[in-house]
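Before anything else, here is the set of structures, which you'll find just below.
What follows is a pair of complexes built around chain A, which joins chain B in one and chain C in the other.
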Partner chain A sequence: MKASTLGTICLTVAAGLMSTSAIADTSDKRIALSNNYAGNSWRQAMLTSWEKVGGSAVSDGTVAAADAFTTAENQVTEQAAQIQNLILQGYDAIVINAASPEGLNGAVKEACDAGVVVVSFDGIVTEPCAYRIAVDFKNMGKVQVEYLAGRIDGGDLLEIRGLAGVFVDDEISAGIHEGVAENAQFKIQGSVHGDWAQDVAQKAVAGILPSLPEIKAVVTQGGDGYGAAQAFKAAGRPTPIIVMGNRHDELTWWKEQKDANGYETMSVSIAPGVSTLAFWVAQQVLDGKEVPQDLSVPFLTITQDTLEVSLSNTQAGGVANVEYSLDDAKAVISGN
Partner chain B sequence: MQRFLTPNALRTLLPVLSLAALLGAIFYLQPRTMSYFGLNLLLNLAVPIALATIAQMFILCVNDLDLSLGAFISLTACITATWLFDTPFLGILALLACIAAYGVMGALIHLRNLPSIVVTLGMSFVWTGIAVLILPTPGGSAPDWIRTLMTLKPAFVPFPIIASVVIALVVHIGLMRSATGAVLRGAGGNPKSVERAGWSLLRVKVTMFSLAGLFGVLSGMALVGLTTSADANIALRYTLLSIAGGILGGGEFVGGRVSPIGAVIGAITLALAGSFLSFLRLNPDWQIGAQGAILILVLALRLLISARENRS
Partner chain C sequence: MTALIQKPWIWAWIGAVSMWLIITIVTDIGAGAEVMSAAASFGTFFVIVAIGQMFVITLGPGNVDLSIPACMTLSATLAMKFMNGDPSLLLPGLLISLGVGLVIGTLNFLLILFLRIPPIIATLSASFLYQSTAIWSNRGLRVKPPELLGDFAVAKVFGVPFLTLAALVLTVAMAFLLHRTRFGLSVLSIGQNQKAAKLAGVRVERVRFVTYVMCAVLAAICGFFLAGFSGGAALNMGEQYLLMSIAVVVIGGTSVAGGFANLTGLWGASLFMFLLVSMLNTFGLSAGFRLIFTGAIIVAVIVISGRKT
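Moving on, here comes the complex of A and B:
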């Protein structure tokens, strides 16, 4: 107790003596979250995580405030106005999940010019003065094929894609195809669009199955694994290795299969808790730490061993989540 | 006292008073806004809204309603961020073509006697379609001169205030103080008598729609100057904002009864209402409702004034 008090005094004195010191204090700094949309379970989980981690950081005295703001309509002009309001409210850092990668650049520039730290994640902004925590969707596709290469000798694959025309769908698919190109023992026999929804995926897979040879594995984009499994079952075909996407129904099905016949697979997606990673990155920047402008989010991968823990932590109808700690953020920062 | 506060004077004063009340509340909630820097940030996004509201006002003036304005401004923003940036000549041509298209739309509405709501609603999909063709994914860049203009930092008075005053005065003098303006407004208020006096209603409609197109283009350019890039949906909200701003500023749905200064003030009031609610730390789920409540409040006040007007 005494030692820690002494330490605090030393820190305060040090911070007072050299304002350029790396051990700046962030306890009087205020961080805001500018969010463009809250209409699905992923975004809701993202906001809950922010509240949880931000709230405890405030009560610990790490930062003075961690408030979340969501625009009522998912519109660029509205979010730009929101960011300008946050500047006026005197926040020291603004964490953004952006409605558009380009449309907010004017407001972001205003923030930077006013000395506000801007950290964007998930929906990132391109303005150079902002920090970006990007998702490497391409790699998310590639790790699936790499996992399969470690599991089986090769064979025919079925690819379930997301919503046609969306950037994320193109990226994940490009990653899957890159992985297949590097592992020539695999061949993609068919590709369907599952729109990241179980019912759509089930219909699409049921439609293409009769025309396919025996499928060894199904590569997916998340939100479609359970539907694929149901389609294989309904067609009376052996269940292939289906890569899952961290959804509750997918993990539940996987758990049932694991208990019944030792079924093995993996599951990968982005945790909504990435908002908390952005929070800590903003805190680190305010703390005077050297942080690269471009960071990348680690995926949340669930393996055979971590399935039970992840499943018990996931709400019914939700997505597996993880909240990042300060140490996680430091690891991500130094890893780049 | 009674003589000064005639219903007519009250009607004119209402937009000004609402703006003053809102501004006062914002200054109280967030003293930081009471500075050059603060006013600049608070008001700069109101400039394109003010231009859009003026555009809508021209349409309201001839007793029509434009439901395609937001989509049209998105389109002009896309053209500004792409063609006007890469090949200025082509960009200027395209923007002039946009204005001409608005004039043709006015002619079509007049000649075929079509309801403007139907025509403009239909055209909104055309504008959005062209915008998506020009700029399939968000992007583009603002031409330097527009960016420089919109981020201008003149001494003493912030740029958005100067811009708003200039817009309001120019349109006020043109529409409210000139002979041509009187004819244009008259065509909205009482088309029969204007026609009988020998004026071509077709020309009036085309003129008003072209003016709306011109201000739509200016709004799109101003928006790109602020955001530095565009996307095909960037200004969809402006359709309703411009109608609400025009009405809030003293315009009415009956044609002829408009006020350019009021429209600019109405647009600024709407833009500030968003900031005010955000400074109040109101739950975002309630914000749209609260914005509507502010609108209803102002309109209810106006109704009270009109009631008094009728009684006297």
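Moving on, here comes the complex of A and C:
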């Protein structure tokens, strides 16, 4: 412990003496990922991306460690305890996908006070000392309606929401409703919760569909488009424009429809590789770079023209993904 | 008429029929028929897991299987991965699924018997093991079922889903098992008074073992067909089925305290749970309202059934 503290001081002094362009060395820095949930394909892809990019950063000697930790129960208290453990284990930076925006603030503050860099992403934390890589979820809902406005004259929509009571669900839905308010030719005829799961979405849509008029389009939150398509098929209804969410089965279905009858739609979601962006941001902060507290990450949109490329780049059964490089992170940091 | 009112399963059916009537009245009879067909399709999956849960709960206080979601996920994940879309492997795939159920049921029981862990804790903690195995085996990738399985899972005979018919046959068989066989009567007698049952010569642990295994095997089968039905196994595919399996059993008129069970109510309760959500969605009521409503109904049913006995 003493030796490493001494080493850190030496390095800091050396870096300070060496130049003013802050070429601090992060090769002895250890970064941890504190993750609240791993029980779906998106989270699994997120962890795989982290392992891949973090692992190669470790073998390159860019950082000393990039370890991932996931809590079992997706609970705030559990994750807070996990963060306290990570502080005690002496990590230099903790990257967090948080179970709650406010619930972890106490633990995050402790980390900051202990001199640990905290970067939150996807599930962000509101504690001011942490860095946030947020997704404009609201806009993710709104672009769907804007896309539809460009495609059709108007009509009745079905909205598939996510998991009730979760911040992301409220945000995307608010964006969709904002889009509909601005495009009065559309009307949301029904709204169901699909929990971001194909089988749940399929069940919910099958239940409400008989009571709905003809649906022109389905606005979604990702992970529910294929289930919706199955429900429309089972009910013997014409297939509406279903906005997809970048899952492999959704893209495969879209490609089949496109080849069979020229079906057109769009697909939008967040790349699970956003965890790697958070990794590089943490590395940059440790490197002594000036990084704004609030950053935003673009969502990943797939269009009619990019469908084939995206599909071939997506692992079978997985989610369309982008892994970020150090240069991408620098671009995101300077872009703000 | 009064005899009918006193049946424990009647309330679930009254609930289901009234939900259906409301939906049919605000829309039309065509929509009513469609929504009924959908309710039968999805209700079938609830019934399959609820049958197993019902036998477990009937064993008496403290008996419940919380590993159902993990069992469904693991069974579906391993079977889909093994078949990898090849229809000729359908039978071995189903056998793998059954095997997963057998192993999980046995493990659950061994934890309860030898480590003397209460069933709630044993099945809950073991479910982390099963879920983690599912994650580890396929990292959440969604493997498509063989087309044949998918077609079979959605096939209909005269508008009635084939799986529903199969589950009805299963229900009749299970009703026979419960009310007419030594095993079923043993389950009921253990639930009514474990000590008396033991003194009367019922081999309590053997009956418990078979019950937990049966519950896990049914969950595994449900996972297998649900994956076929919805286009693949997913890590969170079982999530809804934990609460649902218990709610369906309780609302269906099976005693939470054990010792009294009936299968007729499972169907009424399964249809009711599906139609309730559809009805609330049709009226555009929020998810929060739906959860409050569901909770209130479960509490009410327990209070009513508790008062009677």
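Some points to look at:
Methods note: the second predicted complex is superposed on the first by the 303 of 336 C-alpha atoms of A that agree within 3 Å, B and C clash if a C-alpha of one lies under 4 Å from a C-alpha of the other, contacts with A are read in each partner's own complex, and residues count from 1 in each chain.
One rule holds for everything that comes next: contacts are C-beta pairs under 8 Å (C-beta built on N, C-alpha and C of every residue); 3 or more make two chains touch, one makes a residue touch a chain.
The shown structure was predicted, so the numbers you read here are calculated from the model rather than taken from an experiment.
With both complexes brought onto chain A, simultaneous placement of chain B and chain C is permitted, the two fitting side by side without a clash. Looking at the shared chain after the overlay, A:Thr71 reaches chain B, while chain C stays out of its contact range. When both complexes are overlaid on chain A, the residue A:Ala57 reaches neither chain B nor chain C.
Looking at the shared chain after the overlay, A:Asn85 reaches chain B, while chain C stays out of its contact range.
Within the superposed three-chain model, A:Leu295 lies out of touch with both chain B and chain C [touch as defined at top].
After overlaying the two complexes on the shared chain, residue contacts for A:Gly318 are found with chain C alone; chain B is out of touch.
Applying the stated contact rule after C-alpha superposition, one finds that A:Gly106 touches chain B and leaves chain C untouched.
By the touch criterion defined above, A:Gly190 lies against chain C but remains apart from chain B after alignment on the C-alpha atoms of chain A.
More residues of chain A are touched by C (comparison of chain B with chain C). In the superposed model, chain B and chain C sit 60 degrees apart as seen from the Cα centre of chain A, a figure rounded to the nearest 10.
Once both structures are fitted on chain A, no C-alpha atom of chain B lies closer than 8 Å to one of chain C. Counting contacts as defined above, chain A residues 38, 72 meet chain B in one complex and chain C in the other. By the touch criterion given at the top, residues 23, 26-27, 30-35, 38-39, 41-42, 128, 131, 135, 138-144, 154, 226, 229-232, 234-237, 239-240, 274-275, 277-278, 281-282, 284, 286-288, 291 of chain C touch chain A in their complex. Of all residues in chain B, only 30, 32-33, 37-38, 41-42, 44-45, 137-140, 223, 225-231, 233-238, 271, 274-275, 278-279, 281, 284-285, 287-288 touch chain A in the complex they form. Residue ranges of chain A in contact with chain B, taken from their complex: 38, 67, 69-73, 75-78, 80-82, 84-85, 87-90, 100-107, 109-110, 114, 127, 167. The residues of chain A lying in touch with chain C in their complex are 38-45, 48, 72, 161, 164-165, 190-193, 195, 197-200, 202-204, 206-211, 226-227, 230, 234-235, 247-249, 315-318.
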